[in-house]
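The chains carry the letters A, B and C, assigned in the order they are written, with residues numbered from 1 in each.
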């Protein structure tokens, strides 16, 4: 028997609802899978940092990289997530979600400036829906990427207890508040709406939010910690302290490059947005030209390509493309990576030889310097292919070379805000933590290796003799 | 020209069919991708076990971890899959599948009790459809997780041939039959239907099915194998035998934590069930509080956090949340992990010092003890948010603290059945295998390392001199 | 108010469009995620090759494996992708894509023979759509798998600059042109249409396109490079040079096995084709029987199972199943892997002892010999379950044992074309590169290790003494 129009209408509405549920499901699957990839980057950081430092400290360096994940999850669960995303609720890509949102807002000159969220502490049962959980997981692993960066710069001398306390502050307060400003509806995202500066501070996947937060904290921390014993000779000249295990560093780099395919394409939070493919390829192109740029520079300048710097070159390319990955052409991605690959080498030498700051793994250069380059490059090369309506501003995102100098201005403001906020909070936190428990191990501990005194074990153990 | 009602109806039906096919496809994609992640956990186990044992046995320990995957696939292909899932056919989430199913059932007191399946041997062409293949892959990697656990507990002294034979029995018979009882429609899943004990024995992703099977076999095996030479001094006091490579153990732990995001959320077998996001976050929270619980306990008790125990703490948290991950709140997940992180340290010391059983990597504690805690915690903390109709019992799953003490009872029965079945089969199998080929290498082999005598090679080789 | 028929029709059409967009999205998500897994195989190759070679060359071996990814991306971006896929545009599974396509075609005897594509150089903005980007990423990581294979065979003596230049040629020209012949609409794919040879040369995921290209280049390269100093004694008898780190090789093997779940199932380029589950299980079965076949053979012949050969056995099984994975039954997959696991051992001994070619990691046997076996096994065992309409030929793909001997013929032709093309281009390229910069390091460099002279650093560094 033929159905009536009313029956058909009802059936069609049900079918349409099934389709929309399927889209939501695909978006959640995508966000989770890419979030898992980003989580795996923790292993990459652990390997790069441990490979590029010395054998006597491997248990300590690995221990920091392991526990920072744990600390990060707990700090973000207690309050970081609420501060960061409490103002926006669950996002539209995840379908309708009744979660409330609340943001602390100040009014200046008749305009609103969001400071941080106020909703979602402890993931209480009332907010713990599937969309909120997906958002929590993805934002958490991003935060923890930032949290693990300073452990490289302060490696081989950082007291473990100080590391624990500092990492809690980073994950619960420092990162989430800056992330709120850019991704949680805060004031940097409102620069376009409020002052006509492009689409406000745009950072697709975190050149500033993730990498500069980690990189600036790394630089300030390494400066405050002081150089490792023996890093500078009596004339103040830097002495190379090579890493103990290059295969470890290369494996870590590959794991990071693998995870970055979660980092950047996953930041759509949407598997139904097919632009993920372009984002993935831009990320791949910049990683390649980053490593190749470093190779060409090293080969020409030193005659041989130090493999640890090839690793840093690849990472530099990916850090730089993180902000602009959705907004630029393929040749621009190649160019951005190439510049980053050279920049990271130059920056590492500058920090070591001119600033006299001892950053054992080059974290400040990889994540700080190249994160800044990434943010600026978005402001230069965004070509209007993507981002229509971003941060509530109509039209796609365009950089200086494509007709919108004000977008470049918004990028610069976000960059400065990052340096000021992260620099200040890092300084104050390390001062406070140092006063509480001390930041640096004793000279004896440092010379003999941190593994036994700080972790109660050796990282590489030889066998006890049989009786 | 306007279509007729009949044409519209047909077109709508076709469209609806497309939607349903899309859902099936998403479910299969999800099941495969998460299954791949679980397969990758084999690498994690290999690294943790090898890192926590001695350099002279690395080829042997790695060789067991490599070949157990191979053995497991073959044993499961021959008969394990049929015994486990032969009674249920392909699941509804994968769409309509015409595969037949058949289960050996005994009748006691007018009630039916499933014992094992009888369909799907050798994946013959008649059953080898896409849904069956997806189910096979996912169940296979779960089984192999269990199969690889005992290799850690019996490491550094287990004869390779004995390991091969034992692993075949585990993968073809021992694991599949217990898994049938819980997941294949067998008698433990019928406890609710038959006796009103909650929803029967519920184990979302395998705290008992996977981890306790591995952990109980590990404990019984390590006891039967006896301690490594030199593990106990002449007064019977345990002597620490530290692992040779902590970075390896930490990398393995991260790989396991990465794979666990396949393990738990994948167990929905459905990407259209958005609850996967909540499951993933609960898993993350418990992994973090597991490591942090171990840190706090170790720091307070011993003054320094042994990194190998931080690894075990993280693993313990994940083992424990495996059963209840879909059924509990975020704070409960944190609590379950925290308890597991302490429990794993206490249990390891108890097994080593009181039971005098030498389990080199702590597999019995991580998977056995914390697996048991996970199963019990489901019976305590399930809050009624999920599981409506589970095992054919109406209403969601609730634990003791949320109004259903009988659910806790069903968990206890499943736990006891696990210990009895796995303990007995392990004992009998190792006895038989020992009689056939011997279980333990000679003292000389053990003292000099198993690599050359058992594997014909060194695990770490120095270079032969050039002529 | 009830809608009119016209309104319903419009709404239904929109809903249907949403469904189709969702399918495209799922296909792109699947292609990207599996592509990421394949990219991660680079880490697996790096570990296997470095683990199976000597400690004094780890920075060099790792450096080649790292930079080959970078070189490959750039070479493929410049021209490789255009040569390979420029003739087919974006594929139908990714939805309608307006990308133009263009192929260089020659006419012989009234038939068309495609030689290479002419569209898509530099991924210029005009072609850089989401479908093209997804296709680029997936094809790029396949190419780079081939590119990384020769680095193992020429390890421990290959001049780094020569490696860089050779790899550019491989990624930009050599691989893409053969891949065009099979996957890009070229003449090998037209053998069925033109001459009635089955469905033309069929290679589901690359036993010939990827593995034989890498394996033949490896064999020719290792022959031209000559054996490592000390590999053959004064009587010409091969001297074993064991790898320095078995755990590294096993980890690499697991990473490769993990990535292969992207390699084979991903080659549908479609997540809506549920046959991906069957493909994944066939891959798993052959990997297992490959390792187990090697185990049985080694155990019987030598008394102990060399773990490095167990690794190669697992890889051999996967290489072999790569071509036929979509077309064969489960028992056939087991058989194909089992044969490969034995074949790889026999082939490695033959190449080393009879051909006197020194391939340090056995790449020629794993990828060349077993790649050839894989291609032939498709021509034997394809059972007609899949591939209806493949390469424009109606009906499913059937091998010799299932009624179509001409399919076996097409496989043989593709195999021969591979050996001739890859052999010739490798020979000519290495000759040219050798003339330009030299292919082999000096004897002194080789004896002392390539790390310091070629890479300017040590791979394993001991600590400088504190002042």
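In this section, a contact is a pair of C-beta atoms (placed from the backbone, for glycine too) under 8 Å apart; a residue touches a chain by one contact, two chains touch by 3 or more.
If you're wondering where the values come from, they're calculated on a predicted model, not measured in any experiment.
Q: Show me the overlap between the contact partners of subunit A and those of subunit C.
A: Touching subunit A and subunit C alike, sorted by label: B.
Q: Copies subunit A, subunit B: same or different interface, half of numbers shared as the threshold?
A: The interface is built from different residue numbers on each side, given that under half of them are used by both copies.
Q: From the mean C-alpha coordinate of subunit A to that of subunit B, what's the distance rounded to whole Å?
A: 33
Q: Touching at least two other chains at once: which residues of subunit C meet that condition?
A: Where subunit C meets two or more other chains at a single residue, that happens at 5, 8, 12, 15, 19, 22, 26, 29, 33, 245.
Q: Where on subunit B does subunit A make contact in their complex?
A: 5-6, 8-9, 12, 15-16, 19-20, 22-23, 26, 29-30, 33, 37, 54-56, 229-230, 233-234, 239-247, 250-251, 253-255, 257-258, 261-262, 265, 271-278, 280-281, 284-285, 287-292, 295, 298, 302-308, 310-311, 314, 329-331, 334, 383, 447
Q: Taking the complex as given, what residues does subunit A use to touch subunit B?
A: 2-3, 5, 8, 11-12, 15, 18-19, 21-22, 24-26, 28-29, 31-33, 35-36, 39-40, 42-43, 46-47, 50, 58-59, 62-63, 65-67, 69-74, 77, 122-125, 128-131, 133-134, 136-137, 140, 160, 164, 245, 248, 453-464, 466-467
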